[in-house]
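In what comes next, chain A is part of two complexes: it sits with chain B in the first one and with chain C in the second one.
Presenting the complex of A and B:
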């Protein structure tokens, strides 16, 4: 565990979470949510949980971003809040 | 700075920073699930909530200078017995004492592996349901859906 990486990634994590909830464009929000997933994948690799890290990279950042974008393109892209 | 505040930061915030961020992320996700009006935004909040809980569990298993929980066959514990490699693997493991402080605790990792998969299936089901909602109501905003569901509402 490298505490410098830890603190930097955790701060970026909070920023990415807030930005993905503040964006009014749903496609942009789901892209920032993909960035959030990759950041938390980096955090787990750094904390020694490599199995959780590659599962998160494949399933969390890959599959859930793809199904979220598929939903947005088959419904609507605008959001009021 | 006030010495009481400086002491508090030094004793409680710096060594337990993972847990503070876990609480903050959990509150962000809960806030989004309660107050956001769009269904996709609510689902993003739910996913953030799930990853915050996983962050808490993985942070429990971290040790001060612990590496990844994989036992290396050419690690520092094995250099004294190069001729013992002809023995069976179980015999080899029996003679080596594994220093558990060098490895992160793998039990929370295995539990959270299941939680990630369950979380993504929950997200997929919820997105499928919101596609059906958009098909029958024409919108993803919660207040417009409730307005159409009301007896006096149009539609």
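Presenting the complex of A and C:
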């Protein structure tokens, strides 16, 4: 466990979370959400929870981003609020 | 309304932050979670009673087998729910025009996908089969296998992927997965044990009662992988085509 590495990932995690909430472009927001999932997967792996990290990488960063992007193509790309 | 939401988030966030003060420090062996009788049983005895080195899989598939079984059912119900809400039978005919319905990606993307798809699928099957010895298991392997079919649909068009993994076949796979899991539990009942008590299966499996638990974990992981693969692909194909299952991304 390297604490400098943890702090860097944590800062990026918070930034990614805020950006994905604030973005009006839904496509960009779901991409940033994929980055968020990948960062939290790194954090899980770093804390020794390898199974959880694997699930997060496969489900969170992989399939759910694809499914969200596929859904956005059927709706409007800009968020109303 | 926005100000109210902001204030509510702020107050709840402060409450949660103040609650973290009472948490045990990270990795503290004296904390309630790791000092209890149950945790120490899992940590000390898992390998002895199940012959499975990966404690997480042993807890998921053996000690807490009911939990994982209904988790699989939850995924199945999610897939069924998406089909019930979105599936639109009017826009699609049952005999799909395969030649007319191709909107895959460009040449480079197709070539790259045809190169890496076999490796993704082999690795997914390895994750399922090796889940009780290394990180992974039915959920992760199933998601990766489903993602490989999604990649196929993205690169070569949904009609090509549906020729391999049609809607009917998807639903059969999803049901077969749950059937494998529940059937394995019922098999334990028939052999005189409790539901999902794998150790009574040593009369039909090679090895002793501990190896029977190890093999049974593999069987239920395969069941989970069947359901998750099918439901992931079904979710993608329904969501990306608004339930018409033709002319997707």
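Heads up, the rule we're going with is that the second predicted complex is superposed on the first by the 81 of 81 C-alpha atoms of A that agree within 3 Å, B and C clash if a C-alpha of one lies under 4 Å from a C-alpha of the other, contacts with A are read in each partner's own complex, and residues count from 1 in each chain.
The working rule: contacts are C-beta pairs under 8 Å (C-beta built on N, C-alpha and C of every residue); 3 or more make two chains touch, one makes a residue touch a chain.
Predicted model only: the values in this text are computed from it and were never measured.
Engineer: A:14 contacts which: chain B (first), chain C (second), both, neither?
Structural biologist: Touch status of A:14: first partner only.
Engineer: After superposition on the shared chain, which partner residues are touched by A:36: those of chain B (first), chain C (second), both, or neither?
Structural biologist: first
Engineer: Looking at the overlay, what does A:26 touch: chain B (first), chain C (second), both, or neither?
Structural biologist: Only chain B is touched by A:26; chain C is not.
Engineer: Counting only touches as set out at the top, which of chain B and chain C does A:74 meet: first, second, both, neither?
Structural biologist: both
Engineer: Per the overlay, which chain contacts more chain A residues, chain B or chain C?
Structural biologist: B
Engineer: With both complexes overlaid on chain A, does A:6 touch chain B (first), chain C (second), both or neither?
Structural biologist: Only chain B is touched by A:6; chain C is not.
Engineer: Of the two partner chains, chain B (first) and chain C (second), which one does A:66 touch, if any: first, second, both, or neither?
Structural biologist: In the superposition, A:66 contacts chain C only.
Engineer: Once the structures are superposed on A, label A:50 by its partner contacts, choosing first (chain B), second (chain C), both or neither.
Structural biologist: A:50 contacts both chain B and chain C.
Engineer: Going by the contact definition given at the top, which residues of chain A touch chain B in one complex and chain C in the other?
Structural biologist: 47, 50-51, 55, 59, 63, 67, 70-71, 74
Engineer: Can you name the residues of chain A that touch chain C in the complex?
Structural biologist: Result: residues 47, 50-51, 53-55, 58-59, 62-63, 66-67, 70-71, 73-74 of chain A touch chain C.
Engineer: Mind pulling up the chain C residues that touch chain A in the complex?
Structural biologist: Touching chain A: residues 26, 54, 56-57, 127, 135-137, 139-140, 143-144, 146-147, 150, 154, 232, 235-236, 239-242, 248-249 of chain C.
Engineer: For the complex, give me every residue of chain B touching chain A.
Structural biologist: Listed in rising order, the residues of chain B that touch chain A are 17-18, 21, 24-25, 28-29, 32, 36-38, 40-41, 43-45, 47-48, 51, 54-55, 58-59, 61-70, 103-104, 108-110, 112-113, 116-117, 119-120, 123-124, 127-128, 130-131, 134, 139-141.
Engineer: What part of chain A is in contact with chain B in the complex they form?
Structural biologist: 1, 6-7, 10, 13-14, 17-18, 20-21, 26, 29-30, 33, 36-37, 40, 43-44, 47-52, 55-56, 59-60, 63-64, 67-68, 70-72, 74-76, 79-81
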